[in-house]
Amino acid sequence: MTGPKIIFFILAISIVVFSILSITSRKILRAAIYLLFVLVAMAGLYYMMNFPFLAAVQLILYAGGIVVLIIFSILLTSQINSKLEPPRRSHLLSGALTAIAGIALSAVTILQFAFKPSSKPAIGTDMRTIGLQLMGTGENGYALPFEVISILLLAALVGSIFIALKNRT
Amino acid sequence: MNLQAEIPLDYMIILSILVFFIGLMGVLIRRNLITMLMGVELMLNAVNINFTAFNHYLFPHRLEGHFFALIVMAIAAAEAAVAIALIINIYRQFATVSVDDVDELKF
Amino acid sequence: MDYAYTLIILLLPLVTFLGLGLLSKRLPVALAGIIGTANLFIIAALSCATAFTYFTQEAGEAGFEAIEAYKITWLPLTDKLIIHLGILLDPLSVMMLVVITLVSAMVHLYSIGYMKGEKGYTRYFAFLSLFTFSMLGLVVATNIFQMYIFWELVGVSSYLLIGFYYQKPSAVAASKKAFIVTRFADLGFLVGILILSFNTGTFEFQTLTSLQGPVIGQASTAAFMGLSVTTWALLLIFMGGAGKSAMFPLHIWLPDAMEGPTPVSALIHAATMVVAGVYLVARLFPAYALSAPDALTVIMYVGSFTSLFAAVIACTQLDIKRVLAFSTLSQIGYMMVALGVSGYGGEAGLGYMASLFHLFTHAFFKALLFLGAGSVIHAVHSNLMTEMGGLRKSMPVTHLTFLVACLTIAGIPPLSGFFSKDEILVAAFEHNKLIFAVQWLVAGITAFYMFRLYFRIFWNQTPAYHHAPHESPVVMTVPLMFLAIASVVAGFVPFHDLVTSDNKPFETAFHWSIAGPSIAIAVIGILTAAWLYARPSLRPDAISKSLSGVYTAAYNKFYIDEIYLFITKSIIFQFISRPVAWFDRHIVDGTMNFIGNSTVAGSAAIKRMQSGHVQLYIWYFASGVLVLALLILYLN
Amino acid sequence: MNPLLFLILIPVLTVAGIALVKDLKQVRVISAVGMGAQLLFSFYLVYLFYSLRNAGNTDAMLLVSTSTWYEAFNIQYKFGIDGISLSMIVLTSLVTFAGVFASWQVDFLTKEFFISLIILASGVFGFFISLDLFTMFLFYEVAVIPMYLLIGIWGSGPKEYSAMKLTLMLMAGSALLLVGLLGIYFNSSPEGGRLTFDLTEIAKVSIPRDAQLFFFPFTFIGFGVLGALFPFHTWSPDGHASAPTAVSMLHAGVLMKLGGYGAFRVAMYLLPEGAHAMAWIFIILTTISVVYGAFGAIWQKDLKYINAYSSVSHCGLVLFALLMMNETATTGAILQMISHGLMTALFFALIGMIYGRTHTRMIDEMGGLMKVIPFLSVVYVIAGLASLGLPGLSGFVAEMTIFVGSFQNSDTFHRIATIVACSSIVITAVYILRVVGILLLGPIKNEHYNELKDAKWFEKVSTITLVISITAIGMAPFWLSALIREPLGDIIQHLIARL
Amino acid sequence: MTWTDVYILRNEVLLTLLVLYHLIVDLTEGKDNGRLVNGTLFGFGLVTAVGFYPVETTSLFGQMFLSDPLRNTLKLILNISTFIILLQSASWLRKPENQPKTGAFYMLIFSTLMGMSFMISAGNFLMLYLGLETATLPLTLLAAFDKKLRRSAEAGIKLLMSSAVSSAVLLMGLSLLYGSYGTLYFSEMASLTDAQALSVFGLVLFVAGFGFKLSLVPFHLWTADVYEGSPLPVTMYFSVVSKGAALFTLMLVLYNVFTLYPKSWTLAAYLLSVTTMVVGNLFALRQKNLKRFLAFSSITQAGFMMLGFVNNDNLGMTTVVYFMMIYSLSNLAVFGVLSMVFNATGKENIEDFNGFYLTNPRLSLIMLLALFSLAGIPPVAGFFGKFFLFTAAAAKGLYILVFIAVINATISLYYYLLVVKAMFINKSEAPVATLTSTWQEKLAFTICLVGIAAIGFVSGVYDYIASLI
């Protein structure tokens, strides 16, 4: 076992375990915290794969933003101490069956595929490259999605506020 | 760090699949809208593993997977915001966030 | 000779019918009878002129030649099979023209008196004209399809006239019965025509009966169930004739047809239409005789049985018109027998000649009998002989003419019936002794029941009438007298010179050996009748009691009607129609409704899918994706 | 401009005219004038047809005009007539004309009624002049769909159920038909040329045999549903029973003829090998139709049901004769279509008029009508006699032509079928006379029937038009027969040639 | 960026401007929204009109954004539909309780429309996904727009939850496609494509994601609930614009990107078509609520649209676009009548339309024609649309499929006739009072009717679409 391998396995196992805990825990706040652990571990994974920028965004946006949002909404809508109702057995059964079938089907399909790695030289993942591409309008430029998503976020946020606000009278 | 030598791509993919379907199962079995939302977030993250892994392992000459993951994160954030707004709206109307009770429209 | 004017004979009644029918509201009532009668006298005169011209022409080597006076193409069916409408003049049709127009003219004249004051007087004459037109069209038909057309038309005019008193349920039922029974027979006729025409490629009588033609000239090779196809065809055609001529077992409509006005019975159901079957067989006689002798044998047996059967029933009936109806059946049976025993050509064709001779004489005396009965009914307002008696004083003309008719039908010389019946017996004797014996016996029974009728009406005791019966008006008695004279003299027409199987004259000899016994049995019959019925007595009842089973059976016409009723009501209506209607509503329609209902049921069955639970929706989504993926990955 | 277009244009203008006026009387008058013009125009077409023929024009189709519509699918507006379609056009205009007068007294939503009625008629006209399968199908549906409203709004009894059933069954039929038409279209050019919907063009090519076998039943049953082919006829009794008078007239008189016409023009003409291979199945079915319909009619008590079953029987005879595939039988089939169209329209008109007076259609409840309403009764008898095939009226001509024609097929199977079909003439007589006996003759059953009034002038116009047509055909069938027969020689040759 | 680029991006840019305008207006607008509504109608009318100016085939942002006449026409169709919806929603917005929502409503509508526009023009799956989300997320908010109504809130959350899962599935599919091809650019993928299990799997997930938007069975279950719960203008938007955009995008992707192995997606279209038609019909049969009814009707119609996909030729594409156009106009006409009745009376059940013809003959006739068009009855345009779709399927020899489809068309006729029956045949004690329509509604109906009446008869429309492809 080499270092990266050990790190990967720690991350992978914690991702899987905390995922399962997050969807089974009967304390809702705990579920949120487990989710946070998953997201942080994911960030580690990105970092391992040499995407530091992505890892940072993951930490800021997900761990910092979304989980906080979720926790706020929990606070707004539920009693923190009350236990969640356990899942219905029928749901549990059908859900598990679907999940297992899905895992089997996807795993078989994906793992038997002979991936063809690109032979072209790798491009750096430093901030400069990322920044240039993010703002680029030509080949490999992501300015357009960047702009569009800003509109999306704007509309979604304003709309959310509109919906979540109590009625203006 | 030469990840390819250490950890095969398949590991990443299996991890992604596991998380994806755990997330799906979360959506399917949880009876609270907020916890269902957590399941969705897990699914999105699983896809992100895929994108980054493919990008890193197979096609490092461009950053498509990377940027895709970035966009997915942003959208996940927007989605979460919208979801929270709607859940609050539901809570206001139904006084509950249990998905079982939100079934007035049917058949 | 130019016979173009014969078209007038055919068309005048049609015009009269249309005129009277369309203008019935606008025309003064009395005028209708006058127009109708006048028109009939015109065509009767024309017919007689035609007959005179035709028969006085020089008969060539081949006998009287058939002339197609008129012929138009009506409807081409195939290249060969073309329906023509035309007028065919040969001895047979010319003779029929005379009979029909004369009797019809008398009946018209008589009807002026008989129908006076009836509702629907105009309608009556319109229908009579329609009938005359149809009947004339039938006899002058140049081809078998034209005959079928007019055959149907006489059927419908008969239907209309039987149902003339349409508010009377029995009349309605009788008319319906008459039409349907004959229609059923016509089905056979039609199929026969189809077979015959397909095999010969022609409808034309001239070709069908030609000695070199496809029927006779080329022996049919195809056979079906032991008989040649031609025989089958001709048998089926005879079925049509048997229906119209009320041969057993298709006779049941005729007695009921007496529901119509009596002159109608005289014209249609005694003198003209009912002999159409005889006419049909006679028309195709060469084909029958030379190509399908088996069919002739069938005709003979059917005719013979019917004549006996009807005569027995006639002895028991109380309704005077029914007695006459059964008598008609019996007499037509004679004619059929005569055709059945006949051969083709010369002496061998005696039966043919006798049959038509009897047709000729029978038309007059049977019309006379009916009109006489009508006169009586007119006076007494009843059809039942039990409510009659002693009318000879109050109705002298009717009495005398009726007596003449009775004697004629009984076969007392020198009245016409004697001659014609005698020829039949001779022909039968030469062909088949059993048949002869039966016909001889029937002659006696005929004399008996006719005089039973005669004595019960005109002798016997006089019941208490509501109104004193009196003689009918002149318009009614003149036809009676005319027909009486005709009955007397008709026997002297030299028929063997005129109407024969091969249209060539031949000599007939008079056979005392046969005439003697037949006169004898007729006399015995008359005397028996006189002994039983001339004075009021208990003897008839005693006899009928001693024969109770047979008598009741005969009185009820041997329950043939009931059998028919059973077949129609219980089998066709209850066992076919009703199940068909049920099947249609419940099975066929039910299937369609079931499809509809099961769609709705399917809709209800899957309604749970849309349960309102979003998690279930997502589950459907996820499993749907997986299933679709599986299907596509593994079907691809 | 092609004169045939007037056949569509006149109804459209009439509809427009009706839509514009307000007054009830004007609506009637415009409808009557419009349909009268249509009738006259169709007579003019006959004249035109003959003058073209006499001028030496020997084309199979006359007055043809073609213009491209959907270039991509090779769909054209292609119109033209031959003797068969011409006679159907005359039939349609006669029945429509009579139908307008028969509905003179419609007082609920009159305007809408006449509009729907005339739209229906224009669909029928369009169908008969179409030479392009697409436009044919289009007009077919245009003709069928107004039925729903006509029955649903102005009908009686379980009208909603009947209307729905009729519409759905006919539409299911057109579903089959559509598959058949598409199959023909995609096989219309086996050598790889341009696909076409053009009837006359398709007739020139030889569609592969297996395609014919596959698509023939679709097409034939598709049209057969409208032609009341057993066992797809059950829309007919309910539909007719619920429909208002004029609608029953048009439907039984004209619309059902689309089935026979289409089955011949499209299914058999374009798929002759399929027709030959499968004829026996449909001969059995149509023979059953003929007898079954007649027996079914015997047991009915409702006048309209009787007539509906009678239509099943008579229309069965049409398809039966078509399947015999010879000139005579086919002539008979078309004569039968016309004859049945006229007399059944007459029947339904009379039933409507009687119902309008007695407010019942149950024969048991009526009786002795001859005495109180003699005109209608006499016409009813005439219609009945035509129906049972009395010589001198149209039914006889048609039936005899059919029987003689079918008997030309000399094998035992066809023979037996023919004889069974022949037997329907007896059964027909039974139910017709039964109705006449119960309904018109006998004593009057109901006291207040004595006060019934006989036919009004518009009712007379309606019935007399039809009676005259029926009698004219019955008396002088040779013209009509010649008109029909003229194109048939080639068509039958075409059917047989591919054997 | 040059002016040419802006011209190519005109639709998106203008829509963005509208979004921003309403964002500002929403914060500042006072009580009466009459001017706002009319102004927006005018402004958006201009945007729609601009779409009629032709464009060239070109691409921007390094193949990220594609522009060609076909895509322009598709956007135009969506814009016209949206314009009609806005016309018809005017009186709804003018209601006092809805006045405060006006700005937000327009903002959300335009942002989704912009998303759809990007989705159609996408040249890269990233853009496509982004467009899809932009078109979906604000829509979930719109579904919940009747804040006072429980059913509206329920509709919103149901849509959000199921669409989140569906977009996750779609994303999974995209990631697999990325893994198997190494690119997300359409132009590159089209040439690389070869059918392997992984790419087919990815494709299926992708199709499922779009099947969700298109309401194909079994991905359709959100449809009826959301249609019923949402405010009426939003329901219209769902059933016409949102569905249209998804349909066009799916079509463009399948035909342009997966050109080389059509077998898998035609098979998917075949299966989905059958299930969708059948299940949609079976549910539609039993509906009493007209909105719900129209939801299932639109599901069935989507099943018919799949027939066009079965034909993987230009014919299929043409007929799909053609049919969608007709479907939009017909459906909008039906919804227009429904919205007039609903705004006036608050009724939306089929039985509420009993006796409608006697009080509102014109509206009934509009509804009749529109329903006939949906049912595919000549001579209105729906007949042509359906006939050509069937032709497209039959062209591939799939007569059994055509037969199933035609039988389903017959069943659908049944329930369309139920509405017709309610209006024309059924009697009512208290029918809907006679309604008067505003100029906006009149204009909307006119556009719809002209379309329904003319599109079939004027073959030029079809030929024009065919010429684009």
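In this document, chain identifiers A, B, C, D and E correspond to the written order of the chains, with residue numbering beginning at 1 in each.
The rule is short, and it goes like this: a residue touches a chain if its C-beta (ideal position, glycine included) is under 8 Å from a C-beta of that chain, and two chains touch if they have at least 3 such contacts.
Predicted model, so just to flag it, every value in this text is computed and none were measured.
Common neighbours of chain B and chain D, by the contact definition above: C, E. Ranking all chains by how far their C-alpha centres lie from the centre of chain A, first place goes to C.
Here the chain at the heart of the structure, going by C-alpha means, is D. The interface with the greater count of contacting C-beta pairs, when A-B is set against C-E, is A-B. The centroid of the Cα atoms in chain C and the matching centroid in chain D are 37 Å apart.
Separating the CA-averaged centres of chain D and chain E is a span of 42 Å. Per-chain CA centroids place chain A at a distance of 31 Å from chain E. Each chain gets a centre from the mean of its Cα atoms; for chain B and chain C, those two points are 97 Å apart. Each of the following residues of chain C touches two or more other chains: 607, 610, 612, 614-615, 618-619, 622-623, 629, 633. Contact with two or more other chains is made by residues 91, 94-95, 98, 102, 105-106, 109-110, 115-116, 118, 140, 142, 145, 149, 152, 156, 159-160, 163 of chain A. Multi-chain contact residues, meaning those touching two or more other chains, occur in chain B at positions 20, 23-24, 27-29, 36-37, 58-59, 62, 67, 71, 75, 78-79, 82, 85-87, 89, 92, 99, 102-107. Shown are all chain pairs that touch, namely A-B, A-C, A-E, B-C, B-E, C-D, C-E, D-E. For chain E in complex with chain A, the touching residues are 1, 16, 19, 23, 26, 60-62, 64-65, 100-101, 104, 107-108, 111, 114-115, 118, 126-127, 130-131, 133-134, 137-138, 141-142, 144-145, 147-148, 156, 176, 179-180, 182, 196-198, 201. Residues of chain B that touch chain A in their complex: 1, 3, 6-7, 9-11, 13-15, 17-26, 28-32, 34-35, 37-39, 41-42, 45, 48-49, 52-53, 55-63, 66-67, 69-71, 73-82, 84-89, 91-92, 97-98.
Considering their complex, residues 126, 129-130, 133, 137, 140-141, 144, 147, 149-151, 153-158, 160-161, 164-165, 168, 171-172, 174-176, 178-179, 182-184, 224-225, 228-229, 286 of chain E touch chain B.
Interface residues of chain C facing chain B in the complex, by the touch rule stated above, are 607, 610-615, 618-619, 622. Touching chain A in their complex are the following residues of chain C: 615, 619, 622-623, 626, 629-630, 633.
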